[in-house]
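Shared between the two complexes below is chain A, which pairs with chain B and chain C, respectively.
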Partner chain A sequence: MTIFFQIAINGLLVGMIYALITVGLSLIWGVMNVINFAHGDFLMVAMYISYWLGFLVHMDPIISWIASGTFCFILGILTYRLIIRRCLSGPVLSALLATFGLSLVIRNFCLNRFSPNFRLLRKTLLGGKKIVLGGLYLPLPQLVTGIFALVVVFVIYYIIKRTRLGWAIEAVAMDKEAAELMGINTDKIFALLCGMSGACVGIAGGLLPSYLTVYPEVGVLFCFIAFVCVAMGGFGSILGALMAALLVGLVEAFGGFYIAPIFKYVVIFGLYLVVVTFRPKGLFGW
Partner chain B sequence: MKNLKKKGILFITLTVFMLVSLFGGAAFAAEKVIKIGTLFPLTGPCALAGARCKIAVETAIEVINNKHPECKVPLAESEGVLDGYKFVLVSADHGGKPDVGKIEAERLFDREKVYTIIGCYNSAVTKPASFVAERRKKIFMCGCSSSAALTQRGFKYFFRLAPHDEIESREFCDVLIWLNKTKNAGIKTVGCIYENTEFGKHAADEAKKAAKAAGFNYTTDIPYSPGATNLDSEVMTLRAKNPDAVFGACLGSDYTLWVRTMKQMGWLPKIAINYCSGYQDPVIAKQLGDDGNYFTGGTGYAPGFADMMPAVAAVEDIYKSKVKLTVPFDSDSIQECIAMFILAQAIEKAGTLDYDKVRETLYANEWESPMSIGGKVVFVEGGQNDKAMSIITQLQGGKYKGVFPPESATAKIVFPIIPWDKR
Partner chain C sequence: MNKKDIYWYAFIAVLVAIPLIPAVAKNSFLGHVLILILLFASMSQSWNIIGGYGGQVSFGHSVFFGIGAYGAGMAVVKYGIMPWPGVLIGALTAAVVAVIISYPCFKLTGHYFAIATFAIVEIFNRLFMIWDWVGGALGLDYPLVEEGWKNFMWYETKIHYYYGALILFVLIFGIVRWIERNRIGYYLKAVREGQEAAESIGVNSTLVKLTAMAISAFLAALCGGFFAQYNLRVDPPMVMSLDMAMKFVLITILGGTGTVLGPLVGALILIPLQEYARALWGGLGGGVDLMIFGLLIIIIIVRQPRGIMGIISDVCSHVKKVKGIALETKGGG
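Moving on to the complex of A and B:
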C-alpha cells in the first residue's frame, strides 16, 4: 500500500508542475485561439535565467523565480506585440508557424550562446532534501514547486473569475467583436494574456533548476505534455487545465509503475486520444 | 577605331581568362586535400558529447596535417599523408535522429564529396549512416558507438574502435563474479535501466545474455524514453524489484536525472555499472559532485590513466585548447580521435586513396595506437577492433579510479555503494 500512495504522491507532484506550465498555454489558446509553439522554449529561457542567477550570484531558485517570471512576462508581451499580433488577422496557422519559428530562434540562440552543455545547479536550498512521513517521502524541490503551481493557478483562476479584468478576458474569449463593441481593448487584453502566460511558465522554469538539468532542448517534452493537458482540460479552462495536468501526472506515474515505465508517455497520449474522441471539447471545456 | 577597341577588350579578357585557367588550375591541382566528414549529434540531448567527438577528430587532423614532434603518436612528425595530402574536416549534425543521420551521410558523400565519414556517437544513427557508406563502397570509421549489432552485419567498409556492449557486458559480469569471490558480495540479481534506443536496447540484450551466462538472475528490465521529464516510475520500479546490481545505459542529462531520482527515493543497488553513458562524461560527473561518487562504469580513457597511456597528454593539450571548458578527453571522444589516426595510418601505408586497398590495409595490419588502452588496434571480420578494451572505473572524490581488472587498478573499489544518508 505504501508503494501505491508513493506513486500517487509522485504523480500529483509531477502533475502540479505540468499544471503550472499548462495554465499559461491554456490562457492564450483558449482566449486568442493561438497555439504558442515557443511555450517550451520560454520554459527553457526561464530555467537558464534561474541557472545563471544561481551560478553567478548564488541566488537560489526559490528566489530567482521572481526574475525569470518577470522576464518571461515581458517576453510574452514582446512576442505578442512583435509576432502574434501581426498573425491574428491572417490564417489560423500563421501564428502557429510564426511561434514555431520563434521557438527555433530561441533554441538555437541558447545553443549558440550557452552551448549544448547540461547545466546543473549543485547546492540549492532544496536540492536533494525530502520530507519522510511514515515510509512515504516527499521530495522538497518538487513539493515547493507544486505548492507554487497551486498558488499561481488559483491566483489566475481568481483573476479570471472574480475581477473585472477576468470578466473582460472571458468576454473576449466568447466573442471578440462583441467585446470590442462594449469598449474592451482587446489588444491590451491579448498582450496581458501573453504576459501572464509567459509569467506562469517563467515561474515554473525559475523553480525547476533546483532539481532538473538545464539544456537548450529541455522544454520540448514539457511543451508537448502541456498541449495534451490543455486539450484534455478544455480550451481556456483554468480549472480544466489543472485537473487535466494532475490526471496526466497520476496516469503517468501509475501507468509507468503498473504497466511498464516505457509506456508512461504512451498512456498519457492514449488517454488524450480517448478524451478527444469522446469529448472533443475536453473534460472541462464549454 | 571603335572596332579595334572592342577587339582589344576581347583580347585582354581572353588573355586574363586563359591565365586564370592555367595558373588557377595549377593552384587547385597543387591543393592535395582529403575531405573527412564527421557526423555527430551537435544539437539535441547528446550535443555536448557530439561536439567533443568532433573536436577530437579535429585534434587528430591538426596533429597529422602539421608537425607536432611533442606528440608521440604516429604521423605527428610529418606533415599530412601520401607526400603532401592534407585532411580537411567537413562537419555535419544529426541531432541524435537516425533519419537525419542517413540524409546527412548521403549529403556528405554525394555533395561534399568526403572521402570517409567518422561518427556517429549514437548507435541508432551509426547504423543507417554506415549503411549509406557501405552501399557506396566507402569507408566508415566508427569511434565509440557501442551497439554490438553494428559489427555483426558483415559490412566490409565499416570499422569500429571502441569495445562494444557484448564485451562490456561480459566485463561487468566479471566484476560481479570478482566481487562475490573477493568481498563475499552476495550479488545474485541484476537489473538494467536503459534508454529506449538502438544503443540502450542492445546494451540491455547483451546485459541479459551476459548475466544469464555468468549465472546471475536478470530480474529487472527498465527502458525509458530519452529526454524524459522525470524518471520516478523507473526508479520506483527499480526500488520495488531491488536488484543487487544495476547496469545503466543512460546518456547525457538522463544519467543526472537517474542519479538524482535515486537520491530522492533514498535507494541504491549494491553496485551500479554504466555502459558508455553520462557516467563517462567528466562535465556531468563534476556537476553531480558527491552524488556521482561510487558509481562505476567501463572507461576507455580518464585522466587517471595518464601513466598507462603517456602519449595522450600532448594530444590532449591540443584538444583542450579547442574545447573552451578545458575538459580532458573522455572515453568516447578519444575513440573518435584514434579512428582518425588509424585511418590516416592506413592511407599512408596503402600509398593510395583507393577504397579497397585502404580497406584491405586496415584489415591486414596491426596498428600502433598509443592512445588506446591496449596500445594496438587490429580489425577482425565485421570491422570490430579485436584489441578494444576498457577498464572498470569508479568515481571516488570526483575522479575516475581504475578498480578492475585488479592488475590495472589504481584504487580499491568502494563496495557496496555508500548509502545516500551516510555520505
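Moving on to the complex of A and C:
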C-alpha cells in the first residue's frame, strides 16, 4: 500500500509541473484559438537561463525563476508581435506551423550554442533533500517546485476570474468583435496573454533545473504532454487543464510502474484518444 | 478530358526528366537532391488529398509512410525476398490502419484533430521502438543483394532511383489530378468548405473523408517503401517521427494547399534548401541548416498563409489588374 501512495505522490508532483506548463498553453488556445508549438522550447530556454545563472553566478533555481519568467514573458510578447499576430487572419493552423518554424529556430540555436550535452546543476539549495512522512518519501526539489507551480496556476486563475483584466480576457474569448466595440484593446490583451503564457512556462522552466537535466530537446516531450493535457481538459478551461495535468501525471506514474516504463507515454497518448472519442471537446469543454 | 490530363502530365514529366538525366547519371549530389525533390513532392501530394482538398490537417502521415517503409524493409531484411510484395502489403495495411484510426478522429475538429494525430504518431513511434519483430529501436539494416529493378536496389548509380521516383511522382500527381476533376474531388472540397451544407445536399461526408484518407495513406505508404529502398535502412525515428510528419504538411502548406502544383513547388524550394544548407553549414556545430529552414517557414507563413501558389496567383491578378488599367487608359485616351 505504501508503494501505491508513493506512486500517487510522485504522479501528482509531476502533474503539478505539467499543470503550470499546460495553463500557459491553455491561456492562448482558449482566447486566441492558437496553439504555440514553440511552447516547449520556451521551457527549454527558461531551463537554460536558470542553469547558466546557477552555473556562472551560483544563483539558485529558487531565485532564478524570476529572471527566466521575465525573459519568457518578453519572448512571448515578441512572438505575438512578430509572428502570431500576423497569422490570426490566416487559416486556423497557420499559427501552429509558424510557431513550429520558431521552435526549430530556437531549438537549433541552443543546440548550436550549448551543444547537445546533458547538463545538471550541482549543489542546489534543495538538491537531494527529502522529507520522510510515515514511510513516504517526499523529494524536496519536486515538492517545492510542484507547490510553487500550483500557486502560480491559482494566481492565474484568480487573475482571470476576479480582476478587471481577467474579465476583459474572458470577454475577448467569448466574442472578439463585441469586446472591441466595448472599448477593449484586443491587440493588447492578446500580447499580454502571450506574455503570461510565456511567463508560466518561464517560471516552470526556471524551477525545473533543481532536479532535471537540461538539453536542447528537453522541451519536446513536455510540449506534447501539455498539448494532450490542454485538449483533454477542454478549450480554454484553466480548471480543466489543471485536472487533466494531474490526471496525466498520475496515469504516467501508475502506467510506468504497473505496465512498463517504456509504455508510460503510450498510455498517456492512448488515454487522450479514448477521452476525445467520448468527449470530442475534452473533459471540461463545452 | 481526364485521360488527356494524365497523358499531358506524363509528357511534361518526361520532358522535364530528359535534360536532367546527365546530371543524375554522374552520381552527383544534385542527383540526390532531384530524387528527394520528386519523392517529397509525391509524399506531400498524397497528404494534399486529405489535408488540402479534404481540409483535414493530419500530422499523422508519417505513420502510414513508416508502415510502407517497414513493409519493404521486412520483406527484404526478414524474409529475404524482393520488396514489391512487402510494399503492397504495407500500403494496404496503411490504408486499413488509416481508416481504423481516422474513423473516431474525424469526429474531432481543428486543433483537437491535429493533437489527436500527434498522439497517434507518438504512440506508433514508441510501439515500433519496442516491437522486436520489426527490429525495435535498432531498425532494419538492408543486406546487399543483387541490384536491378527486381530488388529495386542499385549501388553504382542513382539514375534508376531517379526513374523510380519519377514514376511514383507521375503516378501520384496523375491520381490527384484525376481526383480533382472527379466526383470525389468535388465532394471533398464541399466537405472542406462546409460539412453540414455538404451533408444537406446528400454527400456522405464520413465515407468521402475515409475514402480520401485511405487513398492518401496508400500513396504515402508507397512513398515510404521507396524511401526505405533508397536509404537501405528503416528505423522508427527516421520514418515514423513527428519531424517527418511535419514535412508532409510544411511542404504542401508552403507550396499551397489544395492545388495540384503546390506540393511540387514546395518541394522544389524546401528540399534543395534543406539538403544544400546541410551540406554547406552542417559542419558549423550543427543546427544552422534547420535554423534557416525554420526562419524560412516563419517568413513564408507570416507573409502569405496560402503559400507560394497564393503569392503566384496574387502576382498574376496584379499583372492582370495593371494590364486592365493600361487597356482602360488606352481605350479612354
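The working rule: the second predicted complex is superposed on the first by the 286 of 286 C-alpha atoms of A that agree within 3 Å, B and C clash if a C-alpha of one lies under 4 Å from a C-alpha of the other, contacts with A are read in each partner's own complex, and residues count from 1 in each chain.
The rule is short, and it goes like this: a contact is a pair of C-beta atoms (placed from the backbone, for glycine too) under 8 Å apart; a residue touches a chain by one contact, two chains touch by 3 or more.
Source: prediction; values computed, not measured.
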Combined model on chain A: chain C and chain B, fit or clash: clash
Looking at A:Leu111 after the superposition, I want to know if it touches chain B, chain C, both of them or none. Which is it: first, second, both, neither? both
Quick check for you: in the superposed arrangement, does A:Tyr215 touch first (chain B), second (chain C), both or neither? first
Check the residue A:Ile35 against both partner chains and state whether it touches chain B (first), chain C (second), both, or neither. second
Could you tell me if A:Val92 is touching chain B, chain C, both of them or neither one (first, second, both, neither)? second
After the superposition on A, what does A:Ala231 contact: first (chain B), second (chain C), both or neither? second
Now for A:Gln6: first (chain B), second (chain C), both, or neither, which partner does it touch? first
Partner chain in contact with A:Gly135 - chain B first, chain C second, else both or neither: neither
Touching A:Ile262 in the superposition: chain B (first), chain C (second), both, neither? both
What is the contact status of A:Val14 with respect to chain B (first) and chain C (second): first, second, both, or neither? first
Give me the intersection of chain A's contacts with chain B and its contacts with chain C, in residue numbers. 111, 115-116, 262, 265
In the complex, the residues of chain C that touch chain A are 57, 104, 107-112, 114-116, 118-120, 122-123, 126-127, 129-130, 246, 249-250, 253, 284-288, 290-291, 293-298, 301-302, 305-306
Per the touch rule, the chain A residues reaching chain C in their complex are 29, 33, 35, 82-83, 86-87, 89-94, 96-98, 100-105, 107-109, 111-112, 115-116, 224, 227-228, 231, 262-263, 265-266, 269-270, 272-273, 276-277, 280-282
Going by the contact rule at the top, pick out the chain A residues touching chain B in the complex. 3, 6-7, 10, 14, 111, 115-120, 122, 128, 130, 137, 139, 211-213, 215-218, 220-222, 225, 252-253, 255-257, 260-262, 264-265
Complex contacts: residues of chain B adjacent to chain A: 42-45, 47-48, 50-51, 196, 222-225, 227-234, 236-237, 240, 252-253, 256-257, 260, 263-266, 283-284, 287-289, 291, 324-325
